[in-house]
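Look for subunit A in each of the two complexes below; its partner is subunit B in the first and subunit C in the second.
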Partner chain A sequence: MSVAAVGTRKSMEPAGRRFDPRTFSMRLNGVLFTLPAMLLVGLVMVLPLGQAAYYSFTNWNGARADWTGWTNYLNMLYDPELRRSLVNSLCFLASVPFGLIPPFIVAYLLHKDIPGNRLFRALIFAPTALSWVVIGMVGRQFFALRGPLSGVVGLLGLSPPNWLADSSFALAAVILTFNAAIFGINTIIFLTGLATVDRSTIEAAWLDGASERQVIWYVILPAMRRFVEFVLIITVITSATGIFAMIFTMTGGGPGSATLTLEFAVWRRAFATGGFGAGAAIGITLMVVTLVAVGLIRLLARDRSQA
Partner chain B sequence: MTLEMAAEAEPAAPGRTTALGGGRRTAFLVVLIAALASLYPFASLILTSVLPPLNGHPFELWQQLFTQIPVGTFMLNSAIVAGGAMVLVSVVSCMAGYGFSKLPFPGSTQLFAVLVAALSVPQATTIIANYFNFAAVGGVGTYWGPILMYAAGSTPFSVILMTNFFKALPNELVESAVIDGASYRQVFTMIMAPLAAPAVTTVAVLCFLGSWNDLLVALLWLPDQGERTISVGIASLVGTRSSNLELILTGSLFSALPPILAFVLFQRYLVSGIVSGIGR
Partner chain C sequence: MKTWLKSALAAAMLLGAAGSMPALADDITLTMWGQGDCPPDNCLGAALVDAFQKANPGIKINLVQQPVDGYFTNLLAQSVISRGPDIASMWAGGYMDQFKQYMVDLHKYVPDSILDSVNGIDFFSEGYNHKNAVYAAPNTAQWYIGYYNKKVFKDAGLDKVPTDWDELSADAKILKDKGYIPIVQGAVDGGASFAAWEDWSYLATALPPSDWSKMLSGDMPYNNPTMVAQLTKWNQLFKDGYFNADAYNSPTALQDFIAGKAGMYLGGGSWQAGQLVKAMGEDVGIIVPPYSDTPTRAAVSFAGGGYAVMSYSKNVDAAGKFAAFVLSDEGQAVIAKYDAPTRAGFPNNNPLLNDMASLSGKPDTVNYPMFDNFTQAPVTDALSRNVPQALVGQMSPADVLSSMDAAYASLPADQKKPISFGK
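And now, the complex of A and B:
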């Protein structure tokens, strides 16, 4: 067994300086097989990223691009609309616990062998099949002037506002819709994680007299830490970079810029008003904000596992 | 039978019947509420689409949808771009996964690192430069433009998934076939690619769903009525017929049918694909 493994290893590794036709053929084929994928990524991701970084320092309007230094980035703080979009994106980030805690609770409860387990699981996962366009439309109807929510509020004897047209409610409505929409997928990922937790460890904790809360906090959560981290990261990334379509169909970023996120502001600045340099700077800011958020999560997750 | 029922009726003692403890009745209720709430979007879409509009008759909205909006063309356009991207990314990522896992070459580790880094480049960050690049070579207003955009967008994730899949296969598979005189290309087409069918299915379904459901790229690349995808067709109704939200919801439901079908058929592959990022 080990001899065979060593033999294989030797022939898989590059064979030093001496020319070996088979190693050469393997390397050549390696290059050729990976080439199409790398070309796609190079031309449609790496190159445009470089261009975006360059244009973010210009006032590019589609025809001319004059160097303007950090102006576009300073505008993220001074331009009221862009500042609003930055704040709104941070609000989305801050809402992440709402996208995580209910799914975890439901996944935990589902993991107990309750009757109808499989059916419930399928039902909860089902909305994941809907696109953000459709989710935005459903949200638009839910919060409509004569929609279900207003109906319920009306029954309580209150006069409902026009949620999505009211700048004090619109952002909350959009954030709520987002967190409701990711409920299913996050629940399923948590369930996958719960299935990996060793039952005997949990049973040992029960026998030691730990309370349910203690078991969750000290045994289950640490054991599925990677899953929690994963859900946290994909939720953050989706909220920051994946819901253009939901905002487009639900509010269009409005009223005014009440529900404008960084992601949506790229489109609005660039393709609705022709500010391509400014749009590029918003896009780069979006990437940096997302990377910082993800980096922080990784860092915190590592700290907790070491402690 | 009666014994089983008696066993079921017995209250669950924490730590005995289930490792996770008792409170099954509360658990059942909470999960039931969550499951019913999850049905809300479907109930909302279906009810809205079949209930009669003001002064109308049931199913009138479906009739309006098919007579007033070219939904057939929209669906076909969606099928072309999503299908094209799906095929392209399946082939390209399967090849690259084989290359990265079984045919290492100088620099392959670094290239793979580029792919991992590309995972964190948001679509919105590169969309402007991409739009102008594609416009410069005549890729806007064509099907191949969005096909390349979608395929490239899902390439990093797909290649990483395929590479991990092939890495789990023994190197001897390649080695022995090559010693027996097969070329590396034959090893791919006759051994590796057929073995990779489940992983390719995962990649294909995820790419199809992502492309079918996309709005931003289709909105910019295919703005003309005849080329619109169903997502763009439905989304652009918002501005023009905002008073008729019911018709828009009917169209939304119609647009969601293919992804729902794919979702139902390939659910197993979806979950495994989504959580594949955790194992690394």
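And now, the complex of A and C:
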């Protein structure tokens, strides 16, 4: 690469108020190249988000919107159904470790070239091709009173409950289905991460007498930090904003509000009761909660890497 | 003006006119949304589409069956962004009110002489008067009704159907002792739980129609002693084991009834009559859900579903032709093969539908409309989510009814207006 093409440090620095045609041209090119992407993002993300934020301060019913200020947000504080949906969403969030630890263990075992490795990989990864609707239907059959789980419980001489119709069990059943559904994709991501870990570092640790637990904890996991962070973030985002279809097909948010999440509440408030403004307010709240969760993860990950 | 200029202008005008004309070209494809399960061999919507396509070779209709659970919310979601179907299955009353701005007045497509002869057309019209805008072409007359298996009853030694709570409980015990599911219930419409609209309407017949208006208008709480008692008795049947244990969400309730595993299915409607007669022949009969302290005299019926032409359709005129076809002689003849047509002179050969018509026509029958056709959207939501929980004991009757009162209380002032049943 020639010096002229890169430009010297001096030539790249701002030269007072003097107009530098080459710098201007480079900046213009940069703007022009990114313009289509910025326009696209603006049209499909920023504009609708701005609209949603505006409507969250109105009583929009799909046709007419009058400004109501913070009413929709204040109403959320006093709505027992929304409080329940917030608690349910936090339960999903709390279950995220179950969506991470088993996939990591399985990925680690598969990475060790156990017999049948390829078959297991295929079996684990295949379900990730299923849509959330299909996953919901499978979950519904699995937890049906005449389904396989109840059959096993019956074989043990116990009387199974109607899992999805019982508010004591329905949320656990849905959370379990969610974690089972993300198992495959998380396992594959961890497998990819494991493949990037330098084997010589692991072998050096073995030679130094480290136990398997120590190798995982002090060598492999730090080396895979980016992958763990990535899996954690996509799992958190999916649990908060990506499983509407699964809940819809499994329980419809019921019984009552037992499996209602903030994401589902957006739909129910907007479309089942015609309160689009209130639905928009829940949607904005959900976005803030999700961004805060992701931000905390990023913050913690950064602190750990700096430490 | 030069000849070539005249020709060019004429061509431009023709092209312009062609561009602005309603599209009725040869290859028009419409989308129509139906509701719930539609078995290929017993699907009225599909039969109407087939007959219409034969009569109108240039127009194709893609019939898409949507789950009943959430149908109107999905339709509203799509209508708000003008992405809904060209033709939509529509229910009258509160369901339809929210779509008025998205539906086309059918006067443009259906002659007044035919509109005057259609039963139930007023329920689909502005101000319950078909001289005003008509929003949908009703396809059938409908009843909420229960069914019983005659063969199972005979096997259990029962020679007549129960007519009140005590008889229902006694007969259910006999059926249970004989090894049958006395009453089967479940998510027969593809939803996550059963829709309690039919049961609710019959449970509410413990009150006179005038009290229905009061409840719907907020002048009388849903959480009143009569309704609490009704839901409590309903739940007692479940507690006694007279319903299937998975009544809340069984996906096979109707199949179980058809297979002769159950004596009664009380949460049904006339739209299932064709399927049941076909599957069970003479073994199936109708039963008014006997949710009454005295022998019931109630019948719940209403204008059935209709077909609305959506204003955002790119082929409104072609869709309008379909609505007109439904009400035409040809359309009514097709309907008569499956269900009860809305115009006189097209006899139906389904004995169950004739029994329902006879029931409604009896001098001592108290005819009620379908309750949920008049409830406001938040109340309908509370009803459909919480009333099933009262049956299976997940919520107390008082809590269920209070949730409906709370839903009513949450309505904006402009929705808290007196509810009329129309004519």
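Simple rule for what comes next: the second predicted complex is superposed on the first by the 266 of 307 C-alpha atoms of A that agree within 3 Å, B and C clash if a C-alpha of one lies under 4 Å from a C-alpha of the other, contacts with A are read in each partner's own complex, and residues count from 1 in each chain.
Keep this in mind: contacts are C-beta pairs under 8 Å (C-beta built on N, C-alpha and C of every residue); 3 or more make two chains touch, one makes a residue touch a chain.
This one's a predicted model, so the numbers in the text were calculated from it and none came from an experiment.
Colleague: Once both complexes are superposed via subunit A, do subunit B and subunit C end up clashing or fitting?
Modeller: clash
Colleague: Which partner chains sit in contact with A:Ala195 here, subunit B, subunit C, both or neither? Use first/second/both/neither.
Modeller: neither
Colleague: Looking only at contacts as defined up top, I'd like to know whether subunit B or subunit C touches more of subunit A.
Modeller: Of subunit B and subunit C, B contacts more residues of subunit A.
Colleague: Please work out whether A:Ile101 is in contact with subunit B alone, subunit C alone, both, or neither, and reply first, second, both or neither.
Modeller: In the superposition, A:Ile101 touches no partner, neither subunit B nor subunit C.
Colleague: Is A:Val87 in contact with subunit B, with subunit C, with both, or with neither (first, second, both, neither)?
Modeller: After superposition on chain A, A:Val87 lies in contact with neither partner.
Colleague: Where does A:Leu74 make contact in the superposed view: on subunit B (first), on subunit C (second), on both, or on neither?
Modeller: Neither subunit B nor subunit C is touched by A:Leu74.
Colleague: Taking the superposition as given, does A:Val152 touch the first partner, subunit B, the second, subunit C, both, or neither?
Modeller: Touch status of A:Val152: no partner.
Colleague: In the overlaid three-chain picture, which partner chain does A:Leu47 touch, first (subunit B) or second (subunit C), both, or neither?
Modeller: In the superposed model, A:Leu47 contacts subunit B only, not subunit C.
Colleague: Taking the superposition as given, does A:Val294 touch the first partner, subunit B, the second, subunit C, both, or neither?
Modeller: first
Colleague: Go through the superposed model and pick first if A:Thr273 touches only subunit B, second if only subunit C, both, or neither.
Modeller: A:Thr273 contacts subunit C only, not subunit B.
Colleague: Following superposition on the C-alpha atoms of chain A, which segment of subunit C from the set 62-70, 98-106 or 116-124 overlaps subunit B?
Modeller: Among 62-70, 98-106 or 116-124, only one stretch of subunit C overlaps subunit B, namely 62-70.
Colleague: Just which bits of subunit A does subunit B share with subunit C as contact spots?
Modeller: The answer is residues 62, 140, 144, 248-249, 252, 267, 270-271, 276 of subunit A.
Colleague: Quick one: which bits of subunit B touch subunit A in the complex? Just the residue numbers, please.
Modeller: Residues 14-15, 17-21, 23-24, 26-28, 30-32, 34-42, 44-45, 48, 91-93, 95-96, 98-100, 103-106, 108, 111, 114-115, 118, 120-133, 148-149, 151-153, 155-156, 159, 171-172, 175, 178, 183-185, 188, 209, 212-216, 219-220, 231, 234-235, 238, 245, 248-249, 252-253, 255-256, 259-260, 262-264, 267, 270-271, 274-275, 277-278 of subunit B touch subunit A in their complex.
Colleague: Enumerate the contact residues on subunit A facing subunit B in the complex.
Modeller: 4, 8, 11-12, 14, 22, 25-34, 36-38, 40-41, 43-49, 51-52, 55, 62, 102, 105-106, 108-116, 119-120, 122-135, 137-138, 140-142, 144, 148, 180, 183-185, 187-189, 192-193, 199, 202-203, 206-207, 212, 215, 226-227, 230, 237, 240-241, 244-245, 248-249, 252, 262-263, 266-267, 270-271, 276, 279-280, 283-284, 286-287, 290-291, 294
Colleague: List the residues on subunit A that touch subunit C in their complex, please.
Modeller: Where subunit A meets subunit C, its residues are 59, 62-63, 140, 144-146, 162, 164-167, 248-257, 267-268, 270-276.
Colleague: Tell me, which parts of subunit C touch subunit A in their complex?
Modeller: By the definition above, subunit C touches subunit A via 69-70, 73-74, 76-77, 80, 98, 101, 191-193, 245-246, 248-252, 377-378, 381, 385-386, 388-389, 392, 394-395, 407, 412.
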